[in-house]
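What follows is a pair of complexes built around chain A, which joins chain B in one and chain C in the other.
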Partner chain A sequence: MKKLLVVDDEEEICDFLKAFFEEREFDVHTAHSGAQALDSVKSASPQVVLLDVHMPGMDGMSVLRQIKQGYPGVKVIMVTAIETQEKIEEAMRLGADNYITKPLSLEYLEKDVQEKISLLTGKK
Partner chain B sequence: MGLYLKKRKRFLKKVLLGLILFSSGAAVFSALSLFLKQRAGLLWISHPLFLLLMMTLVSVTLYKPLDSAVTQIFRNYFNRKKTFRQITLMNLAEELALILDLKELANLIVNSFGEVLQLKTVALAVPCRMRGDFEITAAYGWSVSDYRKIRLPDSSAMLTFLRQNGPHVQVRERAVRMMSWQDANKLTQDFDALRAAWIIPLYVKDELTGFLAFSAFSPDAVFDESDFQFFREFARGVAKSIRNALSVQELKAANHELQDIQSQLIQSTKIKAIEQLATGIAHEIHNPLTIISGKAQVLLLKKDRAALDQQVEEVLKTIVKQTKRAADITRKLLMFSQGSGAPKEPLKLEQILDDTIALVSYQTSLDGIEIAKTIGSGIPRFYGNVHELREVFLNLILNAVQSIGSQGRIHVEMVYQAVDEILTVQISDTGPGIDQDHIEKLFNPFFTTRHDAVGLGLFVTKQIVHRYGGSIRVESQKGSGSLFIVRFPITASSQPIAQREEAVPLSLFPEGL
Partner chain C sequence: MISSKSRVDYQQVVRSISQSMVRLHRPERLLKLILRYLDRDMQVSHAGMMIFKEGREHFIFVGSRGKGRIPASLVKFEKNHPLVTWFSSTKNKKNSVGDYLSYQGLQRNLLEGMKSLPSSIISDWEKTASVMRTLKIELVIPAYFKKDLTGLLLIGPKKSAKAYDADEIGFFEIITKDCAIVVKTTDYQRELHEKNEQLQNHLREIEALRQKEQKTYYEIMRSLASEVYAKDVYTFGHIGQVDRLGYMTAKEMGLDLSGRRKDILSAGLILHDVGKIGIPDHILNKAGRLTEEEWAVMKTHVDKGAKILEPLSDFREVREIVRSHHENYDGSGYPRGLKGEEIPIEARIVAVVDAFHAMVSTRCYSKGRSPEFAFDELKRCAGKQFDPRVVEAFVSAMSREMRKRGVGQMAEAAPI
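Up next, the complex of A and B:
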């Protein structure tokens, strides 16, 4: 089963993404903070993580760094309210697999997530 | 001011004097001989030698008083003309004090001086603070293009010479004669350049505020000491007026500069404030927008679409569309504050322009708007960010489309002037034009005349154009369309400085919905 972790401090955002991807037969886990996200990566071992950049406490960038260090096989898609060039470059340097802005286009997001997963399964 | 009449005058005087002396001698002789012959019967009186003696006697006794009398008569006659000219010029000098515009003042001076004295050329040179040299501001008997070219550096022979000699009127021949040949040569060149036979320096106290250089039609023309005396007096008045006008000009320039700096400051403060505001708004608003749009999309993209009511589907689509529109506003606001870091690459601007026109062509064909395009040859690659430049073209074309409304023509032109290394894009429309008092505000953030627009398009456009070292301006008149002219310098921005280490693929910027 395709496993997805959605990380956002806004519960409502996690909720609709969960509903959306569950309808598409994903096993969706959610986390509302950086710390929770790292726990979930460890316990649920998702294939793809949708990671919000701006979160109170540990922000998306440090979560990204730790995921990529500990679990290099996990694909991470960064989600943010504003795109700045520096942030994009920083994310790319840390190994992010894509960088998308809010409001989200679910069609695009679904396509992207599917693509990342097929990349993973293709490798295997 | 006898001018070149002077030598002729002297000749005339001599002739007149001779005639008077001769006739008076002859008169005295005939009277005397008649008298002496009748009364005394002295016949030797009629001897030619006696005639000669009489003539000589009369000449010697009468020469002095007659000469001064004739001179007096001459002076009275010619001086009436001369005084009239002097009065005209002195009146002028007084009036000049009231004119504060340098150009107007200079023109009045050279034209009056030239016409009253019937000169061939007159040029007025004044110091140019910015470049530290002297330039001709106005000239009489010159073509504009000729005198515009002339500049005298502060160290030139002429200026050094005038500074050394104070407020005296300088005569070309006399000045050159007193110098070593090298110096004379340089000075002659300056006199030639100024087409001058005479120079009147204009001094205010010790400061040389300019000079009048002039020449006469006849090469024999001469001025005398009293003329020079008058010139100096005239120069005093003129110099003061010019000093005033120069001060006013400097004040104006300083004032403009200050206004420019001030408006830049206001603009940059505004931008800073908008940037902060936009960043805050983007964070705070994009999340709720994401939720609204996301939930609507979840419903829209439900697997069993049949369950969805047609009307509900329309509503959901509208929700998604409008949340995107709201998000675009903050994104546009942010664009200009972050653009400097946007990835650049060599671009085909003509291609981007084509794409942009294609993007709007569907809408414009519905509205009956025709878009014509002229692309010049030899357009070089432009080093820039594709999104920014597309934004520029799109905003300008959309602006034209919206100002026309329906039925009209847009003409887009792109040319490259290799000489100036400038790429020009002109977008003209047949819309209703822009009010004169709107033109200045056109590029201000949130300025719009349409109730359905945010007023950021042209603002963002200007910010982007400026970022590439370019300029944008608009020409428009109410009722006769508008013309937007964008100019990009190619040298500064088109050369890739260094290949970026991390080229960010374009797919990183999803176009969203």
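Up next, the complex of A and C:
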């Protein structure tokens, strides 16, 4: 089963993406904060994380850093409305596997997630 | 089924909202209100309006409402999205149910066409149906502006789960059309406004630069004119006073001196002899009478002056003044023998002020005359060398000024 974690402080977006990927036979977990996200990475061990940058409390960048430190095998796709060059570069430096800005094309998002999964399974 | 009442309501809503909102350049507000209306007053589970963003080349939501809606901030449609290409490419048109897309209609057509239609079309339709299923869209209504697809109204299933009827679909089509027009018009207005603003800024910059350049050139001319006065030993005069006398005369005559007219007159008065810079000193400062040849050279100073002023495009008229200030009222002057009104009024003023100035100034060959003598001389030549109206105005303005300063100081009052 392909495992995905969706992290966004907007519940509506989490639910929408959960339904979207469940329809595509993913096991989808959701988290609404950075702390929840780190817990879910630990407990659910997703292969791919869709991570919002702008969240109250711990922001996406620190979540990214901690995931990449603790679970280097997990692919992280940043999904955010913030698109300054600095943020993108920072995310890339911290090891983000892609940076997609909202609003996004669902078709592209799906393709990217599938690609990350096949990279992982290909390695195995 | 929509009751006729709700139709009227919608029209009222649109009319009143659009009147206030469109003017405020806020079409998003209008669209959101329309969506709210669909959500609240019609049997629609959710509805979203997408608009094509030119330049970015994709469709984004201007609003999305209701239970099960698509999150507006999350999703965009690229130009190759199945729901966009359905309407932007023509291949599906013949087989579609109308100029809108219905999920149920599409499913029905798929069933019917499965055997008879080419597999490429079937696969296209299946892709489209799958997208609609995922997004829980029952109806897609396109909006066109001219022939371009500019918007999409995405309608979720009816709350009652029944199919939408033709009346309702027709109603959605009207709404969508309205929205597209509102958005397009506002876009155009905004664009036009921005472009106009930019253009105005450029023009202002160019104008500022040009004025600066003209001013610089004018300053150079002015100092050149001072040089001429300094070089010409007859005229130990003060440019400022020539300027003042001329202005006084023009005012006395009631000439229009608003805006640039005053600057043109002033420049003419100040610069009229600037061409003398090109006259050899031995002619310019000759104590005795000039020979015929010398006189011919001397006369060239008017054309020389005009030539010098050529780059001063802001003061094209000044050139004409400089060139014409030795023309006589009766046509006996030089260089062109203009007469009467053919001579610019400013040049006629310069001629009088210049002559007065020559007469009252002490020169190598003659002691300065009294102002009264000069007045008589000007009056004697009025209608021949000078414009009588100018002479009259000059004499009366000058006399008044001398009276103000006191009769005893008359001689001194001649300022140049």
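Quick notes
To be clear about the criterion, the second predicted complex is superposed on the first by the 124 of 124 C-alpha atoms of A that agree within 3 Å, B and C clash if a C-alpha of one lies under 4 Å from a C-alpha of the other, contacts with A are read in each partner's own complex, and residues count from 1 in each chain.
By definition in this document, a contact is a pair of C-beta atoms (placed from the backbone, for glycine too) under 8 Å apart; a residue touches a chain by one contact, two chains touch by 3 or more.
Values in this document were obtained by computation on a predicted structure and should not be read as measured data.
Taken together in the superposed arrangement on chain A, chain B and chain C clash.
By the touch criterion defined above, A:Ile82 reaches chain B but does not reach chain C. When both complexes are overlaid on chain A, the residue A:Glu107 reaches chain B and chain C alike. With both structures placed on the common chain, the touch criterion links A:Met92 to chain B but leaves chain C unconnected.
By the document's definition of touching, both partners, chain B and chain C, reach A:Glu23. When the two structures are aligned on the shared chain, A:His54 is found in touch with chain B, with no touch to chain C. Measured by the number of chain A residues touched, the leading partner among chain B and chain C is B. In the superposition on chain A, contact is made by A:Ile13 with both chain B and chain C.
Look at A:Gln69: by the touch rule set out above, it reaches neither chain B nor chain C. Chain A residues 10, 12-13, 16-17, 20, 23, 81, 102-108 lie at the interface with chain B in one structure and with chain C in the other.
Within the complex formed with chain A, the chain C residues making contact are 58, 60-61, 70-78, 81, 134.
Of all residues in chain B, only 279, 282-283, 286-287, 289-295, 297-298, 301-303, 323-324, 327, 330-331, 334, 338, 341-343, 502, 504, 508-510, 512-513 touch chain A in the complex they form.
Those residues of chain A whose C-beta lies close enough to touch chain C in the complex are 10, 12-13, 16-17, 20, 23, 81, 102-108. Against chain B, the residues of chain A that register as touching in their complex are 10, 12-13, 16-17, 19-20, 23, 54, 81-86, 88-89, 92-93, 98-108, 110.
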